[in-house]
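The two complexes that follow have chain A in common; it is paired with chain B in the first and with chain C in the second.
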Partner chain A sequence: MATTTNSLQVPGIEIQPPPISSSHHHPQQKHQEKNDTTSTLSATGSSTGTTRTTTRARTFSLSSLVGKTRRAYSVSSAYPPKMIHPSLVPASLKPQENTLSVDNDVWFHAKHVTPAQRRNSVAAAHRKYEDFQQKMEEAPMFILVSTYLNYFVLILFGHLRDILGKVFKRSEYAHLRTNQGYAPLVSDFDSFYTRRMYMRIRDCWNRPITGVPTRITAILERVSDDFNKTFRLTGRKIDAINFASYNYLGFAQAEGPCADAVEETVRDYGVSGGSTRAECGSLDIHREAERKVARFVGKEDACIVSMGFATNSTTIPALVGKGCLIISDELNHSSIIFGARLSGASIRVFKHNNMGDLRNLLREVISQGQPRTHRPWKKIMIIVEGLYSMEGSVVNLPELIKLKREFKFYLYVDEAHSIGALGEHGGGVCDFYGINPKHVDILMGTFTKSFGAAGGYIAGDKVVIDHLRLKNHSFCYAETMTPPVTQQVLASLGIMRGEDGTENGRNRIRQLADNAHYFAARLREMGFIVYGDEGSPVVPLLLFNPAKISAFSREMLKRGVAICVVGYPATPIISSRARFCVSAAHTREDLDHALKLISEVGDLLMLKFKKAQ
Partner chain B sequence: MDPSVHLDDEHAVFINSTVNSVYELINAIPGSHLVLSYVKNAYQDDPFRIILELFLVFFALKYMLSKKYKPQDNAVKLTEKEIDDLVEEWKPEPLVPPLSSFDKLNLEKAPLIIGAQSVKPKVAGHAKPLMNLASTNYLELQASERIRQKAIDTLKVYGVGSCGPPGFYGTIDVHMDLERDIAQFLGTEEAIIYAQGFSTISSVIPAFSKRGDLLVVDDGVSFSVQKGVQISRSNVRYFKHNDMQDLERVLDDIRVDDMHKRKLTRRFIVTEGLSANFGDIAPLAKLIELKRKFKYRLILDESQSIGVLGARGAGLTDLFNIDAKEVDMIVGSMSNALCASGGFCAGNTQIVDHQRLSGSAYCFSASIPAMLAVSASEALKYIQEKPQILCDLADRSRSFRQVLSHKSLENLIELSGSDVYSPSPFFHIRVNPAFLRSRGRDDISREDEERLLQDVVDECSAQGVLITRAKYVYDQERKCPRPSIKIYVTIGLTKKENDKAAGVVKSAIVKVFGKWKK
Partner chain C sequence: MSSIREQKAHQTLDQSSMPNFNSSWVNYKGAWFTTLFIIVLLKTLFSVIPFISSEASWTLTNLTFNVGQYIMFHWVQGIPFENHQGAYDGLTLWEQIDGGVQFTATRKFFTAVPIALFLLSTHYTHYNLVLLVINFAPLLWVLVAKLPVMHRVRVFGINKIDHVVD
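On to the complex of A and B.
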């Protein structure tokens, strides 16, 4: 009861800071929880009660080993979110219809958070990331054992084949040897995983398609005559329900208002921007897109970059450098890691979405200062993603913002997947929780996903964006966003904001939320282990055994469903998964049909680890 | 266990009984006597073994109970209160520093084009369209109706975005077509396309060169190459820009250093075909000779040269008539001369295949929009059909340089790549150091020089010609080139217009430099 009332203040932070006593009380309590769980986890009792400088669990101990492998399962422990008892909700916050005007881009000025935002915030406050019981329930022991065994056999056979092959088929292994004084391009050891595991199931990736990647996509059938070394197109096309493309709002369209606008732009502007932004490639439509994006996400200004990956990798070095510290979530995207490494700043990592761990880490790094010299850090920047595309988990933003108050770090949120896809207005994680975007220093996002375009944006205060216009590598050296792509951004953004005077955009956002809820809930009902927070349009379904990665992908394709499967190294070695990206373009029939097929394959591959409800 | 606890009788009895009951328990297991007798026999008369094994057990325990080793751990133990205080006291610097007046000038002076990028674009603040010498629209592909139509046709079948990385159903058939087109155009086995020109090379280098490998890098390479070199964390040696003697010296040094090393590491020479910073061309024949002699692989960045150099426009290999297969990796951009977007890396099958899993900008980013891929394909086709446009371009570039090489400018400026007959379609104008010296003190800063050049740019745009200073992120360049005005010629301007523009630039330089006082 006490915790519930306490967490009810969470959404209030955007109106006024909570009383100091409560803000102190809460982290303390969080910390207590953290200590409890660590002592449960590590039987060796390594948790030091008094000094909070992190003594992390040692790697050797069996219990921490189990904890480590299990940690991967803990992301969805917020699910199902605890509901607030209706009597606790103040009258002013009771569901009110039409409290928000249709003019969507002012959602962040609204006085009250909506019921959904409130519910999300409460769920965030209740999240526990080291909930051991939850994990035990989710992962049956025999699956763990069989998965490790599976890898063991694969590695054994891989080495056996390598040894025999190097003796009997010397010519086929020539590329792994020193050849005429050249070292091999890829070393034997480094490429073992690729050669011996990935190669077996390579047909599940890089499948070529044709046409628009919308609810149905046409996959070009290919076969391999040499065990996946090379592929040959057969010329046939397979129409499949598309759960693979990040087409969250269904803007991947070859016709309709967006395509018309883009066509017009190509006729007027041509295809290219012709230079860099800093030299002479700034077009009027770039500026317009920047203004609109800034308004949409609730920041003073924004700048756009021609590639999503580069948005992170070329911006982060412009913000932090030597003597600064980047604290990054352990599951952050490769582009963030790339940018962080380029920046020359120190990098520390905290456990995925685990605010307890982050808090401990912050206390450690701020009190210790820079390594060796102990000088205070110049800046600390925390980089998180809004929606993690491999886990389907939504960042715990309310807690992060509380921490930000206390520790004065800068917050960089990568909304590559969440912009457009989360929140009632498509405004991303801030909208999802009802938090004013002014609390986040840098909002980064991409146009590849929800907008059906390409590239990305950085939004922030005017002074920050002006600095980036001068120092961001992409602005000085890379091509500008091409006019047709910029126009696609403008057009889809206009629809999302309801500028066209229709309910089209709103309907898409609503449809996506409905589809995502429905799809994940049905999968859970069937007994699959599904990660992800409520409302996430990315729905990962756990496969565990490496052999099931390919089996699931192939069986689904046979039945006409296109899905992504992911294994090590993109996920922890144990938790291979299939990933469904739900789209607003999917109809209920599509989902039902696909669910039926998934259930069928799930039975076939014995993937329903829990009892069906 | 706490050693200070005394063992009294009760404890002894307890331990005794426990040991006895454990012994009985073991005895109860069928076949256990075999094990016990083996253990007894094994330790009989073998004190050394007992000592050894006890030592091992002790060591294992010590290892398990020891603290985790952290390299360079010099953490100070602090009390809770101290940590609280430190957290309270810590004040971060502002996220970004305030803009200086020079920063403001840079922001203000970046031209904003109203409407389409073209040879005569409308620029904000100017009533009339300006003649454009600041865009990479060398071959006037920007205005090509044919490419526009092709892009629109593609739009109507494929939409705009590809909505996924190539690994996850983001490989569209037009991407595979473009890869084939590029490979054919260059004459390599295969090619792989990336979604942004800038990110291509900075992703290609770390895909192959890892920690412990060796990169021998030209010290005048462009920023994207520098970033690729930086992120690979390989060992790096630099040689003087396009100086083959120096390269040979460095390679020879390394050979001598490596004599005693047993393990052979991967070694690469990294350089730029047509240098973005200096506008000169790498001597490819000599490079290939050296790479062969010293057993290096060559990574050649042709971002600037693809589509403009050589009789077919296929870059350096075309210009020097060398088989493209001799160069291990040709990296290029489709956003410069081809007026599309994205980049590529061409090489043999092994090199390309490796990147499909290890090229981070390929693997982790959405693939290039279909309509841009098709535009690039179409641009390649266009250049192959009309190779004479390349001669026209070289012509324009030559006559422009000739105007600026005039005697009256000799003391004021220097052109990068002194060769007037260089086929490079762009060049840098830098202030002649002698001019700076003649104007008094030696402490003329980079900013002063930039402001001087900006005045030239402003004067030109007042006279109807759009040019630009070369822009750099000064503090992040390894060795930032001196300030310059970068002129891109284009066949979009007629011969006459081209000469006129050159005249405008020339007189602007004379006028502004004449008035300049430190």
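On to the complex of A and C.
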């Protein structure tokens, strides 16, 4: 399968077949054909005569999924735009003038496209993020008012109970009051939320499971006799369809080629590297993994850190310091915020995925300079995530790169959720948009989600990575990634790139995209308010009311579906949500079954707020 | 922390690194409407009591609303969960709104609401002097607390901000 390996090398520099002749077929053409054989060649040839001159329908319709089994899951391939990377175009074919004035080295037009195709691809190049974007819907006013009143009543009663409890049940509240001259152990207001709100519904989180959490996970049932202060296992196991694990490509398996490779590695290398990377803990397996990851992502070099959170929190201080500016998205993960605060740089925040707000902010900070001295900033770095796990929104990368060219800042993209899950070859958010990864300075990702391993990586230019190898806190102080986990990374990466010679990786990626589209579309069709852009494997379903958080979680557990519910303070106060993480391991039957149950619970809890279309 | 200036700089760092969900709800859709709705509810509650006069119910509504608003916005300090490593310690909700920026739309709204309620209650009490004084005192209290000059100011040591000593 030389062709597939070739096409999987670097996602951004992919050759799309020219219309007339090709020995390399690309399966993601928009055809009615089911099979992946060379019959598509003739179909490719004949399709140019009937190339779509109409623009793609804006609304997502289910029939388009059901009719064509080979539907493209990334819009960049939905138009066969015949884009060729500049370095790969033979000199004779380079056009003299470019139809695209702004982004002429991001996307490149071959000479032999028809005018209709060129119009289409120009249009495609211009309307990138807006195609997938689903605007966050507002709930009807009644729901919002009831949510505020709900919180108001909860807080009022919580405070009342605290006040009366401190008077009448002094022994139980001893840790919150001054006691024989000692200050209170815990500030009662700081812990108010934990004691009065989280404690009541604590059984919805941290549920103990047993076995490998693949598409079905076995939850150990537990009951509480004292209002969730303590739990007691009943001994019963609940088999639930697993929407709570970040198992995007289904690599959380106890059997299979990855597990076999890992077993061998334990025999060869043992279970620990034994030291830090900077001292004597670097093994050849680490270098191999770093090289492979760098090639996969499309950068020169990479470095691997043993913990996903620590990848951000130890790298950002090594990149920026005092006198620099970090601009981070409003809803960035706490690891990024941790690293940013640790670094000592100034931090500013812009509205989530809002490029207009970012532009205004950039104008303000660049014109003002450092606080008090107004000197120019040493460095401005913008940190965004590829896929935000709470909203399911994809970063607006094309606009961001346009801004980067204009304002000349550094860009750091955290692809924790998007690597492996987005893009035609699983190459992340750059692959998803068809943008060359050279435009992003630092690509960070984690292996926890799509690879079934642990830890994270930083990929960038060799110069930057060499500097990081010396200065990164985890390289100096933290233990190395253990050999079995590194082997899992290598094995799953190999499967994703098709190096084992099978279509396993391709199938997984395709299955995930199909599942993600299907699930989100069906939920929207049922009338739920669902955030998340088209194609995102994270599907948040809005609950709004705090009482519905626990009700939804418990009802779904009763019916055998395991989900994650999130509320305040991880999300804004009114938009608590249930988060479904669709996986390639889920079959269509699983999804249908789960959707039926979700609909049931949605009717029971009155969750179908969407205004009738 | 070696100096007060560094202390303040670090607090700003912590405050600006992520949105403050404890205070950002006042800007969301439905928050203003809910405030007005609560006033309506309070009035209904007080009118339902048998043998109560309209003056008394309006006065009670005004009083309860102002007292409740004072406790919620100007008395309680900090945030009720441990997310920001003490960035908002000692700041009341009023001081946290919009990151301390004065004269925003939300602040104007929440200043206008007790004034409007006061005007309504004086109308319904037929401008009786005693009731006027009873209505005016809490209004004055709340309005003084909302003045920009009172940002982070604590009078007579009431509700003092403790400075973190490192």
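As a convention for this text, the second predicted complex is superposed on the first by the 464 of 613 C-alpha atoms of A that agree within 3 Å, B and C clash if a C-alpha of one lies under 4 Å from a C-alpha of the other, contacts with A are read in each partner's own complex, and residues count from 1 in each chain.
Throughout what follows, contacts are C-beta pairs under 8 Å (C-beta built on N, C-alpha and C of every residue); 3 or more make two chains touch, one makes a residue touch a chain.
Quantities reported herein were computed from a predicted structural model and do not represent experimental measurements.
K.L.:
Give one of first, second, both or neither to describe whether A:418 is in contact with chain B, with chain C, with both, or with none.
P.N.:
neither
K.L.:
Under the stated touch criterion, which partner chain does A:244 make contact with: chain B (first), chain C (second), both, or neither?
P.N.:
first
K.L.:
Determine, under the contact definition given at the top, whether A:482 touches first (chain B), second (chain C), both, or neither.
P.N.:
first
K.L.:
With both complexes superposed on chain A, which partner does A:194 reach: first (chain B), second (chain C), both or neither?
P.N.:
Both partners, chain B and chain C.
K.L.:
Which of the two partners, first being chain B and second being chain C, lies in contact with A:545: first, second, both, or neither?
P.N.:
A:545: touches no partner chain.
K.L.:
In the overlaid three-chain picture, which partner chain does A:393 touch, first (chain B) or second (chain C), both, or neither?
P.N.:
Neither: A:393 stays clear of chain B and chain C.
K.L.:
Could you look at A:330 and tell me whether it touches chain B, chain C, both or neither (first, second, both, neither)?
P.N.:
Second partner only.
K.L.:
In the superposed model, which partner reaches more residues of chain A, chain B or chain C?
P.N.:
The partner making contact with more of chain A's residues is B.
K.L.:
When the two structures are overlaid on chain A, which partner does A:441 contact: first (chain B), second (chain C), both, or neither?
P.N.:
A:441 sits against chain B, while chain C stays out of touch.
K.L.:
Of the partners chain B and chain C, which touch A:467 in the superposed model: first, second, both, neither?
P.N.:
In the superposed model, A:467 contacts chain B only, not chain C.
K.L.:
Where on chain A do chain B and chain C both make contact?
P.N.:
In chain A, positions 190, 194, 334, 341, 371 sit in both the chain B and chain C interfaces.
K.L.:
Can you list the chain A residues touching chain C in their complex?
P.N.:
138, 141, 144-145, 147-149, 152, 187, 189-194, 328, 330-332, 334, 337, 340-341, 346-349, 371, 568-569, 571-574
K.L.:
Over in the complex, which chain C residues touch chain A? Could you list them?
P.N.:
Touching chain A from chain C are residues 9, 13-14, 16-19, 21-22, 24-25, 28-31, 33-34, 37-38, 76-83.
K.L.:
Quick check: in the complex, which residue numbers of chain B touch chain A?
P.N.:
Per the touch definition, chain B meets chain A at residues 63-64, 67-68, 72, 74-80, 82-83, 86-87, 90-93, 95-99, 103, 106-107, 110-118, 124, 132, 134-137, 141-144, 147-148, 151-152, 155-164, 166-173, 175-176, 195-199, 202, 208, 210, 222-224, 227, 230-231, 264-267, 295, 297, 333, 335-336, 339-341, 350-351, 354, 356-357, 360-361, 363-366, 368-369, 371-372, 375, 466, 468-473, 475-476, 486.
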